[in-house]
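Order as written gives the chain letters A, B, C and D; numbering starts at 1 within each chain.
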Amino acid sequence: MLRGILVPFPTPFDAGGEVDARALRANIERWNLTGVSGYVALGSTGERVHLDERERLGVVEAARGAVPHELAFVVGVGEQSTRATIADARRMAGAGADAVLVLTPHFYRGAMTADVLCEYFSAIADASPVPILLYNIPQNTGVALAPEVVARLSLHENIRGLKDSSGDMLALIETLRLVGPERDDFVVMTGHGGALYAALCAGARGAILAVGCAAPELCVAVSEAVEAGDYGRARALQARLAPLAAAVTTRYGIGGLKAALDLLGYAGGTAVRAPLRTPGEEARREIARLLEETVGDKERGTSDP
Amino acid sequence: MLRGILVPFPTPFDAGGEVDARALRANIERWNLTGVSGYVALGSTGERVHLDERERLGVVEAARGAVPHELAFVVGVGEQSTRATIADARRMAGAGADAVLVLTPHFYRGAMTADVLCEYFSAIADASPVPILLYNIPQNTGVALAPEVVARLSLHENIRGLKDSSGDMLALIETLRLVGPERDDFVVMTGHGGALYAALCAGARGAILAVGCAAPELCVAVSEAVEAGDYGRARALQARLAPLAAAVTTRYGIGGLKAALDLLGYAGGTAVRAPLRTPGEEARREIARLLEETVGDKERGTSDP
Amino acid sequence: MLRGILVPFPTPFDAGGEVDARALRANIERWNLTGVSGYVALGSTGERVHLDERERLGVVEAARGAVPHELAFVVGVGEQSTRATIADARRMAGAGADAVLVLTPHFYRGAMTADVLCEYFSAIADASPVPILLYNIPQNTGVALAPEVVARLSLHENIRGLKDSSGDMLALIETLRLVGPERDDFVVMTGHGGALYAALCAGARGAILAVGCAAPELCVAVSEAVEAGDYGRARALQARLAPLAAAVTTRYGIGGLKAALDLLGYAGGTAVRAPLRTPGEEARREIARLLEETVGDKERGTSDP
Amino acid sequence: MLRGILVPFPTPFDAGGEVDARALRANIERWNLTGVSGYVALGSTGERVHLDERERLGVVEAARGAVPHELAFVVGVGEQSTRATIADARRMAGAGADAVLVLTPHFYRGAMTADVLCEYFSAIADASPVPILLYNIPQNTGVALAPEVVARLSLHENIRGLKDSSGDMLALIETLRLVGPERDDFVVMTGHGGALYAALCAGARGAILAVGCAAPELCVAVSEAVEAGDYGRARALQARLAPLAAAVTTRYGIGGLKAALDLLGYAGGTAVRAPLRTPGEEARREIARLLEETVGDKERGTSDP
């Protein structure tokens, strides 16, 4: 199930600032029609770190009901201590996660040596009732999972893959080389929209992309073009995707992605929890312009299929 | 009350890995006799991020009972969202904190602009029933509080100081210059043991130091020597302190500090919560050697007074 | 002429430590038979910064005589001031360079804004009698040429391309997107051996690779496989190339590359100028082992064609 | 002679862009009256990297004639290869340098290990007819001289000191600790204007400061206040110096410093060699304002003595 495009959905908040489970379900029902292969709840885009335990369970339960069983349903976990992360993984497995995406611990980053990280992820994998995926996002955590560490961990039977959001293609390539083409049950996915085409060329099996929320069909089209061996078309589609991907991540953040969803008619409005900020009017206009260029005109030959 | 040396104590765990409140109280009673000016519970050294809410309250309540009212009792707080941090500050104030030390939010570090940080800390300060101190520790968070941001925030009447653990002396100096010598009610403290003497020279009012747990009297002596204008003696004492300070922070981490306390006869053993590790035998011997050199021979003229 | 694989040859030194022009010519004659598309003299691999002006001219003159006119002959230039770099470019054009590869100025890196870099390269391009290529190697210079800067400079008619040694694939992809597929006369080449396949997938036209000195046929084979649309084979060849590429660049440096050439029977020995060092025996054995794995057995189906 | 404030003078250019030896001599004669302890020719501020060999000799000869023999006259050297740097040191000693300030080699920065740097500086020191000073300026070179490396090199009898421009006070403090207070013939000097007071507190013996060209008397006053044990006054003078120091270094660069000299009536105009730029009108006004605040009113009690 872990191939193609997975949608790491944002958590919608209602006017009072509380989790809006109805909006979430409505969004998932719409994404279900786009060709995506699954979902990630409570990822970085899902503001997991802004939600308390009760809210997290609410998100997972609401989503679980709307995600068809033939699609992947992954849930983000990850506290700073091994014991808290194990408890988190068990809770999310109990709430219906097919797999958990485990963030690197990072507050004591100076202590996160290769051995410490291996021991940590092995302990989580040993204890988790469902398979785990490694989550590498050094731009948020300051901790990078080296290719050698991923390769060591790929031998654990309950560790089934990596989401790499670093955008460091040389590390991704080296990871794929070290894991080896024969380890078919360990899935490397990129989490960086600007790297989608390049990661697939390098041998990644799929992607978990914030921009996939706003342009799921275009992301799926890039993936399918590579799968079909049409690299020229894939590259052209990637060039179309890139500015929107940058806008809804590094440039305007989660607020930017929510504004894009709002403009596209998804439910949920643009609220993010403070200290994050909702983009202003100018940013909103820029996002609207980028949406128009990227997914707006389905008539042209190169538009979303 | 915020001057001199504050002890950011580690959280002792018992053989079963649970918080050992009795050991904590015993340690505080011993530090009470050393000339320190106060305590910080649940800081980085206190493994706050490894404790759940119930455990955090347990630590604060146990410590509160052992800290004399003429000493400062600061408690570390800080979640990623504004609303969770406000709730945390209120809870800790209710449990007896004189002030709260508020960590920068950091998971969405790319979004932590100067304006966002000012808005965040102002909101916490508005809502907190007790004064707040800003906590800058970019080596753990990846977010640095710029001198300009600290200077802006120093104007808020419920923001009373800064703990700067960065070790960036140029930033500390610039912060002190921008805040101005006349803002007597805003206290700049260093949180970096290697920078104690330099920070005091630059005009810092005190320090919150992990190495202060292991060598409280030597830290107090550095502070008193600067206060007395005896810069030569202060510099010599600092040179004696430096290797131990490095060992119980960057080199061997919290496990190293706990080993040092163990060797000095404090209660609590050397356990840290995974994924952190307890130092091995060789590290323990090195720490013992450093303790011997640093605090071991009270006869010499330059020893702890 | 700027496509395929260009060889940025090292400068051979004789037993007395002086430039060995005869060895250089012999090496070029051997590389001429491997399918490479051209050469770069006096690049980073060529120890340009270790040669005086007279020696540089000696290298260029020796090489010019051995490089067939249907192959590209590029010469590295680049001083810190605009006027010195212009003089350098003129001198090298006079000595027979088809084009010059112009390093970013970098000693005053804090002053190297986008505007300053655009002005600099434009001035060199205006004054150079031969076309110029931009040279981005931030790991040596601390100055990165942003995609926007390259795109602006690509409009200058005497600026014909970029050698990007950064290994930052996202920047390379963005550069190609901003330059646009229609700007056929501006050539983007990677200078990072680990990125060869990925860069070609992304649309780079060729590569200038230190590892190309030691494994020219394998590098050419990667390039031809992508050209032929055989991405699977290209990826497999790249995986074979990667460890050797790392060994003769980041791991053992120019000394490592010269040791590899020595082991392969090229002329010139392994001397590098101090403070660089010749690799020791263990490194030499490791390089021999990597050569064996990478280019040693031409019988296998995936070996150098 | 290496104590107090040394002036690392910029190289004046005439209207035609050539070195203006007469202006240089005039400036030195003026600085001779300010209480400074000596000069550094051809440092980073002196645009050494923008001058050819003939020009460098011209600068040194012009300056030598104007520097009284009781003041220190240090000359910057440093090429990328050991042999070229030795030749450079010999040439500058021959032209009258009392000592040479040797930059770290840096183009192959990945190869600049502690051992390589020790070997390099030892080789230069062995061959140089005059004493050498180590020059650490990682913000320009990307190579930092670790305290351990400086301490090892301090044992060489022809290595007499360190100019540390990094602004990393913790490294400076650790360097002083490792060198030891008894090594009286090894002089640690700061090269960072913002760190002057802090470095002197930490035990540095003096400073080589770009801002010392524009505010020599204020810099000397800071140094004398620390020497006299008047730390409060020194700190206040440092706070006055800081904004000007930032302006004529990181903010407006060498062009900013030359503009300041111009405004103060020194000879030489504001030209810098491209790609560096002369500051515009707004920057010039800001520099004028800072000069006014810093050195403008000699009547006040805290003004330049």
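As a working rule, contacts are C-beta pairs under 8 Å (C-beta built on N, C-alpha and C of every residue); 3 or more make two chains touch, one makes a residue touch a chain.
These numbers come from a predicted model, not from an experiment.
Between chain B and chain C, the least number of touch steps comes to 2. With respect to chain A, maximal separation of chain centres occurs for D (centres as means of Cα atoms). Rotation angle relating chain B to chain D: 180°, from a CA superposition, given to the nearest 5. Each chain gets a centre from the mean of its Cα atoms; for chain A and chain B, those two points are 36 Å apart.
As a whole-number value, the distance joining the C-alpha centres of chain A and chain D reads 51 Å. Chain A has no residue in contact with two or more other chains. A list of each chain pair in contact follows: A-B, A-C, B-D, C-D. The touching residues of chain D, when paired with chain C in their complex, are 17, 44, 49-50, 52, 79-84, 105, 107-112, 116-117, 119-120, 123, 139-142, 250, 253-254, 273-277. Within the complex formed with chain A, the chain C residues making contact are 167, 169-170, 173-174, 177, 181, 192, 194-195, 197-198, 201-203, 229, 231, 235-236, 238-239, 242.
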